[in-house]
Every structure is written in structure tokens, then in C-alpha cells.
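Only one structure is covered here, and it is reproduced in the block below.
Chain nomenclature is as follows: A, B, C, D, E and F, assigned in order of appearance, with residue numbering initiated at 1 for each chain independently.
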């Protein structure tokens, strides 16, 4: 049997997912444009007073990050479920735990990571104090990782259902809430001149836990979904 | 030929779409729960202070309405495209204009309309002044109709693409923005003690225009998508 | 019922077919033949009016038609009965009894009320094929109607086709299998464009 | 290579099959037969290990297997070459030349680098069937491999099956068509549970 | 007994509406969580009896289990 | 010990034993509910600050306490069902979710009604209230997931995974919401804290908490009985049972 070693296999999976996400060059721009537009909605909706916007910028940026994660989590496994790729993945000799991690990593690179990289730009758009920008980027980097992992659990549990779309939000939004609290807390602390380190440490701990546990839950969810 | 009359046919289409959205009684609760959760994100992200929340309530409710519309617009035609139903719809002898209207109406009933109905509850939770609640509900009722119609155009144009998900947001968000401005403007006017009527009149005019023009654009978009 | 003149199509830089002329008359079955990727589905979609750009030639449709494509147009969340009663093709208005009869005719008796996504692959396609028992369109355009259908089902389908032809209908279909009907059967070879 | 004892399955309130026992040995082809909805796919998924709840009986898998189901597991956005090179089945690691050879063997020479969603229905399935030329798993579980394949393609596939059986492999397949291979061919009738 | 009269009980110094509506809503929910499973059980048994009667001719597959 | 576990896994035994438990527990619970309510509503003195509106405490707090405990019962049942594949654990887990959701709903609604006379507002984003709202979401998520699966055996597995994930997360959610609230420190509203409660109010409260636990148990058993029958519909004992209960 010409079985691939697990790291090589996961590398190929990651590449596959990234290529699928970015088949056309124009698509790298789409998520970013999407963030920019959604963030632009807030001044329009809340009123453009610069000082209030700046105060609420951490919350706004975090809520948008969370929603965009919610949006893209739903699709992580869906097309693979529908075209039979997921069956093949379950039958693969490599442990599903690591394959699940590769899927989530790809999704994170295309959403959370990109957003974290570009968050300084959006922060400036909302008038956030420059002192808080490193905390913002760091909290997004750590926090969106947790979001993607938790979102993966929801996606795995609902992918086999005929109507998963709304359900996944119901399942995972409660689990997103602590991340939102600590994430926007970190930025608010930095804004207030305090250290963001404790918040980032908590986000880091949550990420470690999520990396360790979520793939197992995702794997269990996928097996259940394919069975249905 | 046993062809159905257009109104009967559109009624059946509407029923089909509603049944697909709400196969089980429990599913009526899903969109409502979703709204409640997304609205709960805002206090968590922005902080629980009742006075700031009350000030931002119109904007928050309107942004949630807009995002939930954006989320669900993408799916209006997708499953019908993938399983071949859309081809059959195009071949149907009834005018596509009215069929498109039926699709959009079903989507609106399940998102915008429900949200408008429940908006008083959420408004109370966010501490919005009771005086502004009628203006909120009315503006949502009119405005989400425009959103659904415009969203339908985006959905029709992108449904045939392999990766439409993010593209649709880019296409339609710019068109959503005027609705957001007048919608939250209506509530803010009511909050400030002024009359919301001018804003509502503008939203009503936009709705009339959208009802007249959008279905034609949707029909054209669907023909192009099925051809590809 | 259907006339096409000098159809030609190029896709992905390849000339799929050219100089295809075709006349389908009442009581006649035309089978389009060709290897995988020859362009059978593409031709059928042009004839049905679903593809409107990118080909050359004329198509004249003189009768209402029923098109069944590669995709089954069956909604998994709806039951077979609902799928047929509220079909988006607009050519419905059948009574419940007629629908049940049609479902029984395609071997789905007892499955009228289960969600369609629990059906097997062949049963799923049969839901769509039940429309052949409900439609009153004289011209049928069928893209591989026998896919995933078992032998008994294929025979039943052939019987239905023969019946339709006997009633003055016409059928244009693609299939990789030979179709056995006691009626004039012509076949169109896409590679050469010859109708025999 | 595969042993199953006393399998029984009930779905949707119906007993699909019961008391199915089965032993697939090297060099042997077993065809599962039954009408639409008889439970062929369900049985194959149990044997492959994809269904783990809701049936009774034992399955012992003694050799690596290749499972091709109803769904093609081909990504429309990837080219056929990419689809095979990065296949999620984990059993990859073939060189580019091997993949091109396999694609040529299923008649996709010249289509290696077009996006798979532009392929015709049969070509789409052929991309997946190319895995039969790449895999080294001794046991193949194939669910209706001939669907949407033209006649020439079916013959080529039968040749490949014969080759695999000759090399000591084993094949378990479902099909509504008769399979012609110069090897011991047994068929399992789901309705009666008899292996002949 | 803390209250002197029935009307005092109902009014509770102006808070009666709040208190009694809270208790009423709770009562409704309690009745629901006790009654719903009972009704489900009864309805199921009725269905099953009908099914048994319908199939009484044909031998229904019965699985004996501990 | 093992034979007890074995019996616990046996549907007919559980069906029988739950029937005999319910025969005395259910009337007792109903009686206690009435007695506790009368005690709380009529026989205690009003709070010196809040007046009579505080009488809502006798349903508000028990509902909240039991709703929270219910989640852990559900998660433990879920773990048992995943690890030991015990059918009855599945059934218990599935039964917990709607009851827990109902009790959480009661806590929120009664709290909201209490808040109007006390704080002058129906709703505040207080830490405890917010985390209870999240608990309602968690319960409803489990209910919705269960309903969404066609195959109920798989639905139970999926819900078990979800409730386990929830168990890991509930402490995090609680801590984070506490933190969030203390971070923002809104000055306008304050809880008094439970320490000041008078014994004459405490005893009926404790009594009602115990009663709500009994209520939870009753509803759980009733739900499990209905579920057992449905899952075992094809077995002989259920069919015999249906025959026995034949009216007339």
C-alpha cells in the first residue's frame, strides 16, 4: 500500500483546501473587502461620531471577526460531504484528528489570519487609538483560532443535515461568546493603558485547549454525520 | 396542457419555499434564536452599560437585520440550482418575474418579517426607549423587503458560479447601505422625538421601486446563471 | 414538433458538433448517441432552450415540452408527493390521486410520504420520472433517463415511452443503453452528425 | 479479504435484508444484486465501515480497501490531475506521470488541466474511476461504477477489473448491468440473501 | 398567614400583578413539562395499537429482547 | 453492583421501575409545589426593601438552580452514552434538554418580571442573567440538533458530543461573563447578594429548591418512558403493553 505519512497527507490536505479557497486570484481580496464593507456598516448604522466609534472599535472589530467566522464555518465540510470526499477522508488510513486540524487550519488562514493581519487598517478606519493596535492584532490572531476550531465542531455535527445553515449558528454562538469577551477585553485594556497580557494569556490557553480537544470532537461529529 | 395559472403557481411556489424553510415546527424558532444570539453579541462586545446600548439599539438592530439578510440571501436559489429545479423553473410557462417574487417573498417572511415582528422584544432587551419601537418595527418591515429584493438580484447573478459565497456580499452590500441609513435614521428620529414619517416614506418608495424592478433583474440573472 | 437546423457548438476550445439538423415528428423516438463528452447534454439543453448563447444554428419549438436533465430536480426535504404536487416546472395541477398513481407506476408505492433524501439513488430518480406519467406535454427531452434504474424499471420506462409515442407524442433522448420500443427509432450520431 | 456474518438492517421501518453472510476471497468478483431500494448501497457502506450504527452482525476487514460510492468525490474547482494528486482518501503519493497515465486510461487524455466542473457527467465519473489505475488496495468496493459511462468505457473498465482480479485482488460491486469478466463471478441476491 | 384579606393577597401592595403573573407562567410551564411526555406516550401507544390491528393478518416482525 | 448497571441498561426494567417511582413521586411533588407556593406566597413576611415582589424568589431561584444542575446531568448522561454506549443514557440525555430549557425559560421570565418593580427595567445585561441566557441558548441548541437528525440513535450521539463540548465550556462561559461584567462596572444597578437572606425566607426557599429537583426528576422519567416506548416499538414487550392498555 502506498499510504502517505500523516504529516505529508495533512500538508496535501491543507494545500488542497487553500487552493479550493483561492482558486482565482481575485478571491483573496473578497474576504478583506467583505470585512471592510461590514465595518463600514457600523458608522452608517450607529452614527459617525468619531469619539464613540473609537471607544467601541474593539467590540465592533471583534463582532465582525466573529460573524465572518460564523459565515465561513458552515462551509468547511459541506461541499466535501455533498460530493463524497468526506467518506473518502473517513476511510483514509491517516488519523482523522489531524485531517480535521488541517481543514480548520485552512479555514483559519483564509479568514481569521487574514483579518488579524489587516485589522490595523480597519482599526485606523474606526479611529482606534494606535496604542491598542498590537493588542487587537494579537487577540484576533489567537481568538480567531479558537473560533475556527469551535466552528469546526458545529460544522461537523450539522454537515449531514439537510438544513444545517441556521442550526450551526445556534450551536456554536454560545461557545463563541467567551472569546468575544476576552478578545474585546484585551483591546479595551490596552486602550485604557493597562496591560493586555492577561487577556492574551487566557486566549492562548483557550487556543491550546481547543487545539487539543476540538479535533477529536470534529472527528466524532464527522463520523456521525457521514453515518446519517 | 394542464398549465397552472400564474397566481396559483406562485402560491404553490411560496408554499414550497416556506415548507423547505420550516419543515418541522421547531424550525420556526431557529431564525428567532439566531437573532437573539447575534443581538446578545453586542452587549458582550461593546459592554453592558444600559445607556450606551440604548443609544446604539437602532443601529444594532438594523445591522443585525442587514447581516442576517445577507447571510440568507446567498442560499435563496443555490439548492434549486444544484439539484436542477431552477432549470425546470425557467422552462415553466408562467412568467419568471412572478416566480422570482415568490422566492424573495418566502425568504423575506423567514428573515426580515420575523425580525420585524420580534424587534420590540429585542428593543426592550437593549433598553431602547418605548417611544421609538413603532418606528423601529415599521422601518424594519419596509426596509428588509428592499434588502431581500436586492439580495435576490445578487443571489441570481452568482448562483451559477462555483464560488459565489463571498462575491454576493460584495455585489449587494453597497446597495444595502442606503436602506441602513434611512432605516436607522427613522428610529433615531423617533428617539429624538421627531417624526419618523419622512424616513418611512423614503423606505416605502424604495420598496415600491424594488418590487417593480428587482424581479425582472432576478429573472435575467437566473437565465444567465442557468446558461453558464 | 421540434426542428433544428445546422446547429454547431464549440466549448472549451473544442468543436463539439457541427451541421446538426434534426426534425422530430409525432410518434417518433430519436436517440442521441455519442461517447462521454461528445456533447449530448449540451445539444439537449440547446434544444430545450436552456442554453441560449454560444451556439450557432436555429431551433424551432412547435409544441410544449418536458425536459428531464442529469439533475433530478427532487428536493430531499420534501416527500415524493410534495415534490410532484409543487413542482417548479409549473405544469402541475394534478390531483392527489393522479400523483399517487404516478408514484405507484414508478414503483414508489408506500414511499409517498417519506422525505425524499432517505430514498435510494434509483428511487430518487424515479420520483422525477413519475412526471412522465403526469405531464401532458407532447414532446419529451430526456437526458439519460435510465441512469441508476434497475432492469424492471427500465422495462417499465420503455413501456411508458412506447405508450407516449402511440398517443402521438415524440421523444428525444440520450442514453448509453439501447432502447427497445416497438416504434420508429432513429438515432443521431453526434460525431458525424448523421441521423439514421 | 472481507468476511461478514449474519448482517441485518432495518431502515425507515422496513427490514431491508437479514441473515446476509459473505466471504470475499482473492481473485473473486461478487456482484450484489437487487432492485432499486433493495439496500445494495446500504450494505456496501456497512461493509466499508462507513455505517457503524443501526445494523446487526459482524464485519471483518482483512485487507486495505478502495471504496467508490455513488458520489464522485471529484472537486469541480480542481483539475482532474489535482483531484487525483491531492485526494482525501490518503492513499496517494503517485507521481505526476502515473496520474497522467491513469487519466489517459479512462479516456481523459487532454483533459488533465481543465477545471473538473466543465467536464460532462460521464467524464466527471471517469476522473474518480482513474483511481482504479492508481490504487494498490487489494479489495475494491464499487457502487455502480458503470453509471453514466459509455459502452467503450464500460468495456475498458471490465478489462481493468479482470486485470485486478488476475493480480490477486478482489472486487465487490453493485450494478444493474451484467458484468463480463473472465473470472469467477458470484452474485449476492439481497432479497433472498443467497450467494450464487 | 401574612395577609389579612383575599384582595390583599391579590394586590400584594401593588406588586400582585408581577407576582401572580410570574407564578402563572411557571404553572403553565410545569404543566407543560409534565403533560407533554404523557401525551406523547399515549399518542404513541394509540398509534401502535392501530398498527398492530392493521397488521394482525400479516405476521409483523417481532424482536424479542430482554 | 454490575447487575444493577445491567438492569439500568434494560428498557423494560427501567420502564417498570420508573412507573412505580412516579406513582408516589409525582403526587408528592405536586403537593409540595402547592405547599411551597402557599408557604412562600402567603406565610412569609415581605422583604423590607422590595416588598411583596420578592415572593417571586420562590420560583425564580429554584428554577435557576435546577436548570443549571440539569445541564450537568445531561452532559454526564451524554458521556456515559458515548463511552459505554448505554442506550438508556442516550434517552436520559435527550430528555434533559427540553426540561432544562423550560426551567431556564422560567428563571429568565420570572427574573424579568421581578426586575420591573425592583430595578424599573425588564432586562439588564448583568453577569448572572447573561450567563443564564447563554445557558438557554445551549439547551435550545441541543434540542434543535436532536430534532434535526432523522435517525434518533445518531441524533443522541451528536447531542452527546455537543453537551460534552458544552461541559468543558460552561465554566469558561461563566468566568468570562463574570469578568466581562466586572470589567465594565456599571454603577446604576447592584445585586444585594444572597448573604442577607432571613431564615424565615430561607426555609421555604430551600424547600422549593428540593421540590424543583423532584419536579425535574418526574419530568425526566416521564420523558424517558415515552422515548423508551418509541425506540422499542418493534419489540414484543411494548406490543404486549399496548395490548394490555387497550381501552375497553
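Keep in mind that, in the parts below, a residue touches a chain if its C-beta (ideal position, glycine included) is under 8 Å from a C-beta of that chain, and two chains touch if they have at least 3 such contacts.
Which chain is which protein? Per UniProt: A, B = Heme exporter protein B; C, D = Heme ABC transporter ATP-binding protein CcmA; E = Heme exporter protein D; F = Heme exporter protein C.
Note that the structure is predicted; figures quoted are calculated from it, not measured.
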Smallest number of contact steps required from chain D to reach chain E: 2
Comparison of D-F and B-F (more C-beta pairs in contact): B-F
Chain separated most widely from chain B, comparing mean CA positions: D
Rounded Å distance between chain A and chain B, as computed from the means of their C-alpha atoms: 25
Whole-Å gap between the CA centroids of chain B and chain D: 45
Length of the line joining the C-alpha centres of chain A and chain F, rounded to whole Å: 32
Centroid spacing, where centroids are CA-atom means, of chain C and chain D in whole angstrom: 28
Residue list for chain D, restricted to those that touch at least two other chains: 53, 70, 76-77, 115
Of all residues in chain B, the ones touching two or more other chains: 23, 30, 33, 37, 40, 44, 47, 162-163
Two or more partner chains touched - positions in chain F: 134, 137, 140, 144, 150-151, 154, 157, 180, 183, 234
Contact set on chain D toward chain F in their complex: 10, 53-54
Chain B contact footprint on chain A (complex, rising order): 23-24, 27, 30-31, 33-34, 37-38, 40-42, 44-47, 52, 56, 58-60, 62-63, 66-67, 71-72, 75, 162-163, 165-167, 169-170, 173-174, 176-177, 180-181, 184, 188
In the complex with chain A, residue positions of chain D that touch it: 48-53, 64-65, 67, 69-78, 82, 85-94, 115, 136-137
Complex contact set, residues of chain F against chain A: 82, 134, 137-138, 140-141, 144-145, 148-151, 154, 157-158, 161-162, 164-166, 168-169, 172-173, 175-177, 179-180, 183
Contacting residues of chain C [partner chain A, same complex]: 76-77, 115, 117
